[in-house]
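Shared between the two complexes below is chain A, which pairs with chain B and chain C, respectively.
Now for the complex of A and B:
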């Protein structure tokens, strides 16, 4: 059992970390990796607004917070507790993490283990580290920012999936991360590693839910590697509790003609950051990033989506929409980077925001950097309000103002959910969005 | 039913209606004609409750209500319907969903049971047949990608579903070819009865060949300068508006 240690991130010491029982402690390359990552964290700390990728982000509340390392879950999570993450009419292979640790009782690992390699990353680090040595921390650079450094130094569990060559997984794999902690301010450093072999295909869903109303911090790093012709669809629903911090990096490396898509919904938490970075490392890759965020009250929702075209004939799409109300703040930064060898790249980027309150804020920065001369690239960003004429049109038919606003807001967002190929997931997303809109309105009424 | 008295209305601080008075009783069809920029559409928007139109003075009584105190949705519930000159496109909102919501809001207000999806579709399809509309329009987003004629038909379709007490048709004839005009007029005439009143706003007398009005009013520079029966419309067709504008200047 680890000692209970509380610390602000910037006052964390090696000695405190050494008292934690972290998996892989007897494996030299893992301890070296953790040591090096912690040194990086010590010198960089959390990102500041001086760093371009974090310019509009306010991390003060996170920096001031004293966090403690997790103890074993106190609450025994039941099937009912994970209900909010269940997607109607969708059969999945389910894997559940409770307070940062895999819960075998609620998971269906055996069903799928005959087809692919899937294991707790903690177990993998403890018992079979050599299999992941060529991959772990090879795609997500520990020095990228303080969150990744800290994650690498302190990672405890997560999922490891390895899809063998030519395997097509018949159902989506759903990873449900549920937080139950009732203690003050616990942090969890989750690490996922997904390796897709040549010609393999799978869909992976990450769902974040909570039974907690206390402060906690999920710091997640997910590394994905797609071999030649592999296809991976990644879905994410973030519905963390109102006091939660959620910082996630999804780093993808794509080999020749591989296809990656991300469909992400960010609705919950006090502060969330979704950072997706994909490298199209070889010819003919495709990367589609599609996302929707909603922030109300004093929420802050932060998105960074970057695609690096490193080789020719790559296609990338970034479609993000946001709804911001109350005193919330949304930040979007999109980057399409076309490197000199990436001729015939096709990159498109769109970010549209609906600003529903005079106190809300949106900072959006779409960006193209192009160093090849034969490419097709476009970008655009908008921040707007509901169309007054459309609102009047609906009201003139007897529809109440609030309902009309919701209807227009919903129709604004529907462009994103319409792009989700997994129909039950799209329907679930739409139902969640309706709830979020209704909830936000009720809160506005009370103000 | 409708009593408008000495109405002054401004848009963006510019006075558009300058003392308009008009009475409409149930069952009557009133045509409002007039040159461009005389305030015809302003009258329609004010009656429907658009917040961009500021009532400076005057009053509007509608049945037992002070109309100016009611929100646009409350006016719709009281039976006022505006067929827009430029119906708004609303991508992402399905036509069926939109109209079913609107119909049920009104039915609830009138103490009727809400229609379920099956009953609504039956009703909608019946109304669409009268207007020679294809069922596919129901499945599309509200007015999105509709041609000018389809949009106008969709307005009359909505009107026939919502069964208003006072219908305002704002240049419903503009952008319609003669065949579409006849279909739309037939849809309107099918709704005429002893209880329902219409205010038909138009530039041209052509529409009034098909929707025959009880009264014709000429609006010029924010006021009604002449009222008469349908012969007035015919005279306008012959002589234009200039002689009335001149008359006003002399007066």
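Now for the complex of A and C:
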């Protein structure tokens, strides 16, 4: 059991870290990796708005916060507690993490272990580190930003999935991350590593929920590698508590003709950052990034979606929509980067925002950088309100104002949920959206 | 299709080989100050120009602030560091004593230079009805149509002249749009600017002609620091044209101009630029470094500012003509065509800052990259908290010709008001095979077809140019892209 240590991130010392029992402490390459990453963190710290990828982002609250290293969960989490993460009508292989550690009792690892290799990353680091040596921290560079370096230095647990060649996983694998901490602000550095072999196929769902109403910080780094012809669908629902910080990086490396899709919904957290970076490193890759964010009150929701076309014939799509109310702030940054030899690349980017309150703010930067000539690239971004005429149409038919607004907002967002191929997940997303809209409106009324 | 690609690249090569038509050097005895920048230099410039004390102080403040700054590195530009001590900060043609009153008094060599450029000053002025304030290096040498403008109460002439005749206007408006502390190049300019144009349109006057200035860098090693200030008083209108060419020189020359526009209530300024400075040779050697700060302030209600630019020259272009839409119902627009060929680099765009109510802005940007050219659009649309019902439409399209060039788009959109409507769209592509096929099938040569398609691509911007300029711009385009992709 680790000593209870509290620190502001920028005052964190090596000594404090050395008192932590982190998995893989006896393996030289892991300790070297952690050391190097911590040195990087020491020199860079958390990103500031001067860093272009973090412009508009205000991390002061996160930086001021004193965080405690996690201890063992105090509350025994039951089936009932994970209820909010359960997706109706969808059969899944369930894996549950409670306060950053795998909970075997609630998870169904055995059911699926016969087909694929799946283990907690902590176990993997302790018992069989050499298997992941060629992959860990090879896709997500620790130097990318302070959060990734801190994650690499302090990672404790997460999921490791290795899909063997030609394996098709019959049901989605759902990873439920539930936080229970009370009182003390705690941080969790979760690390996931997903390796998909040639021709393999799987769907992975990440759900973030919380029983806590205190401050906590989930710092997640997920590395994905797709071999030739592999197909991975990634779904994410972020419903963290209102005081939570959530910073997630999803880094994907795609090999020839592989297909990746991401469908993410961000509803919770005081501050959330969802960063997806995909590298199409061989010919004929496809990458679809689809997302919806909703922010109300004083929430800050921050999205970065970047696709690097490194080889020819790649296709990428970025579709993001946002609904911003209250005093919230939404930030979107899309980047399509076509490298010199990536001829015949086809990149499309779209970001639409509904700004529903006079105190809210939207900052968007859809960016194209193109170094090849035979390409088809476009982007579009809008910030606007509900259509007056549509509103009038509905109201003239006797629909009250709130309902009419909700209806239009809902149909605005539906374009994103309509793109989700997994029908039960799409329905679940729509139901959540309805709840969020209703919640936001009631708050407005109270004011 | 493969053969088409190869012909295109042949053509790119042939364009690259086209020599710069406007490259020649007129040996004129320049009154040049030795290179270097320190307080002394500023005292010297100020003394040479017999400036009032406030301006000297203003320059010194700018200089002290400049010393604390470092050159900006955020733009997508690659350039060797500039040694600011290697530049001579003052250069004027010898014949400046007693300033010429008419064209006859102008140094004939100078007139010859303009002749070569196809701008016979007197003819052009007479034929086109354009008043030309020709800036040769740093001092204005000839101004035409002055009397006619004076009759309307319009003040139009060189900046140094205006400092002598209307110091109160200069003191009131100079630096109010681009403060001395604005950015590295603006501070430098404020400290050492030698001349430029000044224009004041009185209340309710519609300027009877297009005003234009031809800038030209001549003496080697002389940075050109232009300062332009245009004030349109209530209810007035002016259309101002600026065109540039430069002779072929082998060293990089720095050009750091500042342009300030101010419109008061109901006034309108249309500012058009054709920039064709020497872009460097096909190896990317030489060429002008163009770091320009241009900004317009729609100070009064219902005022309008419109920027139109055709950028075909310079090795490096760093330029963001912007509008501050302060007055209610004010309108800002930005129309731009930027061409980069060989090793040219352009990082250009605009800022539209919406502050007043019901303000609207339009951005149309067309970038064309060929050879090893790098072309970036960088723009900001900011809707302030109080800017209710603000409206923006932005469109930036890029055309790529050749596989070594790049086109980039960096649009920043910041919205703080829920009644705002902001739209942005951008596309990047090459000339479609279908378009080429259509034209070729109707008997157009490949070159004509490409020129037609490119001109069509730019039409939205050319339409905004005053007539004479639109013709010139199309010609320039054809020259720039002759064989280019073209």
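Following the convention adopted for this analysis, the second predicted complex is superposed on the first by the 446 of 447 C-alpha atoms of A that agree within 3 Å, B and C clash if a C-alpha of one lies under 4 Å from a C-alpha of the other, contacts with A are read in each partner's own complex, and residues count from 1 in each chain.
In this text, contacts are C-beta pairs under 8 Å (C-beta built on N, C-alpha and C of every residue); 3 or more make two chains touch, one makes a residue touch a chain.
All of these numbers come straight from a predicted model, not from anything done at the bench.
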Could you classify chain B and chain C on chain A, in the superposed arrangement, as clash or fit? fit
Would you mind checking which one, chain B or chain C, touches more residues on chain A? C
May I ask you to decide whether A:244 touches chain B, chain C, both, or neither, giving the answer as first, second, both or neither? neither
Figure out whether A:102 sits in contact with chain B (first) or chain C (second), or with both, or with neither. neither
Is A:176 in contact with chain B, with chain C, with both, or with neither (first, second, both, neither)? neither
First (chain B), second (chain C), both or neither touched by A:196: neither
Could you say whether A:285 touches chain B, chain C, both of them, or neither, answering first, second, both or neither? neither
For the superposed three-chain arrangement, provide the angle chain B-chain A-chain C between C-alpha centres, rounded in steps of 10 degrees. 70
Least CA distance chain B-chain C after superposition, rounded to whole Å? 13
Same chain A residues contacting chain B and chain C, which ones? none
Over in the complex, which chain C residues touch chain A? Could you list them? 74, 383, 385, 398, 400-430
So, in the complex, the side of chain A touching chain C is made of residues 52, 56, 340, 343, 353, 355-358, 360-385
List the residues on chain A that touch chain B in their complex, please. 387-390, 392-401, 403-404, 407-408, 410-412, 414-415
The answer for chain B against chain A in the complex is residues 48-52, 71-73, 75-77, 81-82, 84, 87-88, 90-93, 98-99, 101-102, 105-106, 109, 141, 158, 162
